């Protein structure tokens, strides 16, 4: 196994042309994913998590474009690649699982067809072999009676089963990178736990690297090795999960952690009427970002300095990076 | 003040979030969008010209469309007959000017009838559901199976052709599409949470149907109305062309029907009234397109 | 003290076409639930999708036809009211819905949306109604000038505040909240939960709170019913449910929701049960949970367990409620 | 069981619908001024009192309305649609003679419209703001706005006066050729009527398939197909088209009634010996038995066509297949 990271995203800037103005969507996002490891990409909606994923896959919607920065998979830049070369990587070397299992599968083809499609395309299997492999994949994602389910149409499956099919489809060609965009948000909590443990099992088996996009820090704690917190298109904080969760340094990370309700059982059970910590305000819409630190309007610690100028990245210890004036000042002091 | 505070809820109401200052009425915005739309403007101005010409054109032009004013088949450009004359020697331009009246009246009234019946039946079926829905939909299906033009032909020929019977015939055969459309919209909106919220706010059925659900269902119905008006005009001219129009009225369809046997000798007798129908329906569908663009949320987002 | 809301054996069934043999298919969405709610308290109904929790809310609100059972609010039996009487009584029980984007009429200004119940139910003098609108807006943390704006000009969290303001305009005693925070981002979710807590405190409101999220329920609810396929698997005070859960289904929900925090990083969640809830169409005759229950025995598949009290105020629908031991240490009584 | 029950229910419903059309027919006769016999007599050019009385009895006009209805229905049930005095032939026989021509015209126009319309619509959906898209918009506006009989007349003008490569009247030459050449001749005659009739529908199908495809191409599963690495052609023509066709199929079903209406006008213009022209002639001659027979027959044709569309719908959309079965 090589020591270089499998995926390197450097200073990624993505913008959208809405017909009137060009608005920044991502502004200098940097992170990397090592082979066989899992990166959690965290933030509220509108922070640019999904756009990061689509930029890596080369599937940005119309009007969006990468302005600068680089995305390297296995040392090769995806951005300088021709569209056909990039297409051949999709579904074979890197693949993606989307949030909505209800709408992400084509309603008019059987799940077997849809899983087998990638195999026929990338591994040039014939129809019979693709079907056999599709059944194997369905078994691997723990769908009962895969020989029958392979001929089912998506509407005949429950939400959880459809998400399993999506995973089977994404992993059919044993990709090196799997991007999961809120894979369990639309599912029941009992099913969520099953999907996560399935992903972990398959990751161990195939050595796939995973980018887990989520708004749920609990899921990150459970699944990820590293984490990057995005806020309003910027990377607020990044580092190993252990460091970040034990010692969150950005006020946004801290706010997210403290406002997430957590189940406490037994003697630790909460008395009812227990208020939560709040992060006031909301993520600003595209194009209405503060000139200074983008989090400053919502930040309880913000001062004049924070409102005036955007903060630089500071390194804390060996692996933690934070984008906050307060941390910069502390370090200087 | 620390906002990330634990356990203690703020005693005063939290600071109001910064809000946009100007209200943006979605209906007003759609209207503005419609008026700014090039297609719609073109259609509207064409329609305005056509209506004005039909209203005051005959008076201004002053030639009796039923009178024989020249030799038959005088070609366009003949002095005194700008668009030529027909097989009897009647002035084509005078005919075109006056012939728009029955066509436009029948078209608009029939379309209003079609939409009215259709929306009412669609509302009832979609809102109440159950056996009411099933009965009304069977009824609608029945009318959809009947060949519309044929039925209208029969009705008109049984009850004698007049503006009234023609309008009624078109209205009776045309409504099923509007009913289906309205019903589909009602089914979609009926279970939206804001409708439930309005019911818990103490609304009666009548209020829910006409004040809450119908306004939401209107956009596609309005677009369909434009298409239906155009359709009714085509329908009327088809009937007139077949000789089933009001025999006492000059209309565009009648002119084409009467002159069609002389098409090869005098192309203008058929072409010119046809162009009139074509331009009218075109204007209406341009307006319909404009409305559609203005109301289509997907176009508005980008 | 007598309770404000009493729900007795509420059933809401829907027809769902026919089986292949021609017998009618019936969705037993809510199949006999009972609970009481005292003033100023919150009853939480928790369950997975398809458990019937939202239908229960609609049944209580008289927005879905009740098959049988009784719902009383104070002295009024709201399950038996009809027509005008029902319409007028609605001002006493209001609802907040899940989706803040479809729960406001896009063509009505925020102020008109809040005013609508006042107008429709002739609540107070028409000249005073605009004051009620303003007060309601301020109470939920919005500026009075927001009254002129249209729904699409608000964010999701602000819309949910508007919905709460609308529901509170007629000073109801009971507020039924159907997943009011599950469509919101986590930071906004905390704001709305705190708002609900504050309003309850100020106005002595009573809530029925529907949610799939045990952690949220824990913050808000004084009493909890865990619902599975239309029935309560377990019911009791929040303290009893969270510190001494007894039903295997409650355990599996909790085990799945026990997300590791920083100190327990990397610990895997225990999936006690496999698969997803079966369909509520013609449910099995034995215990409804038997098919997924890791502890199920023959008796469970044959005989439906009754919801019975295991301690005062704490009922469990399990044959083996006393003898089973929870599989995780966190789930055992302190 | 379901396999048998489903079509049976469908059949029963269709019979009910047909019965309703028959009753409507009867009502129309009742509503017509004068009783049917006087109408018929009028169209025969007068008859003696004796004959009139005889005919009244034959039509059962001396009986109650309900009995008359029953007589009428039972006659229709055995295929007796009445007798056309003008054509001197039983109505059913008359209709059967004309039916093939209309079906041929309607089906070829529909096929042309669906194939061409969908093709153009799909192509333009790939570039919603491209040149082809604008072209589709303009053509569909024109196609919709031009009255079909006028389009026919203009084509007739063009191809008889200016560029006479297609026959403009009838279905075969005066001296009809034999064997294979007969079909070639019919096809040759078919071109103008079919193109005319298709012109309205090409417009609406290209427009419908364009909006439908634009909608489908923005769906999540299209993104999934792209994420799989499928080439763009496969994404559009395999994953997109199958879904984009669904509304087209629905529209075909809803338009059969209109198609026959259009056929009436086109047949009149091109002297195409079909049902539509027969209906037109019968209306002019007040030949009510024939008109009402055509009304009934056309309704049944529409029902059959609807059943076929329903079948097609199931083939295209698996969700419907399992829901209804």
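When the chains are written out, they are named A, B, C and D in that same order, and each has its own residue count from 1.
The definition used in the following text is that a contact is a pair of C-beta atoms (placed from the backbone, for glycine too) under 8 Å apart; a residue touches a chain by one contact, two chains touch by 3 or more.
Chain identities (UniProt): A = ABC transporter ATP-binding protein; B, D = ABC transporter permease; C = ATP-binding cassette domain-containing protein.
Keep in mind the model is a prediction, meaning the values are calculated, not measured.
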Item to check | B-D against A-D, pair bridged by the larger set of C-beta contacts | outcome: B-D
Checklist entry - If you average the C-alpha positions per chain, which one ends up nearest the average over all of them? => result B
Next on the checklist: From the mean C-alpha coordinate of chain B to that of chain D, what's the distance rounded to whole Å?
Outcome noted: 23
Item to check | Between chain C and chain D, centroid-to-centroid distance (C-alpha), Å | outcome: 54
Next on the checklist: Centroid of chain A to centroid of chain D, CA atoms only: how many Å?
Outcome noted: 54
Checklist entry - What is the distance, in whole Å, between the centres of chain A and chain C, each centre taken as the mean of its C-alpha atoms? => result 31
Checklist outcome for this item: Residues in chain C with touches to at least two other chains are numbered 155, 191, 194, 197-198, 201
Checklist entry - What are the residue numbers in chain A that touch two or more other chains? => result 255, 259, 274-275, 277-280, 282
Checklist entry - Hey, what residues on chain D touch two or more of the other chains? => result none
Next on the checklist: Applying the document's contact rule, which stretches of chain A touch chain C when the two form their complex?
Outcome noted: 44-45, 144, 158-161, 188-194, 196-197, 200, 215-216, 218-219, 221-222, 241-242, 245-246, 255-256, 259-267, 269-280, 282-283
Checklist outcome for this item: Seen from chain D, its contact residues with chain A in the complex are 219-221, 223-231, 239, 242-243, 316-319, 322
Checklist entry - Which positions of chain A touch chain D when the two form their complex? => result 57, 59, 84, 87-92, 95-96, 98, 100, 103-109, 117-118, 121-122, 153, 155-156, 166, 169-170
Checklist entry - Which of the residues in chain C end up touching chain B in this complex? => result 58, 61, 63, 87-88, 90-91, 93-95, 97-99, 102-107, 109, 116-117, 120-121, 138-143, 145-146, 148-150, 152-155, 158, 163, 166-167, 191, 194-195, 197-198, 201
Checklist entry - What part of chain B is in contact with chain C in the complex they form? => result 9-10, 13-17, 19-21, 23-27, 192-194, 196-204, 207, 212, 215-216
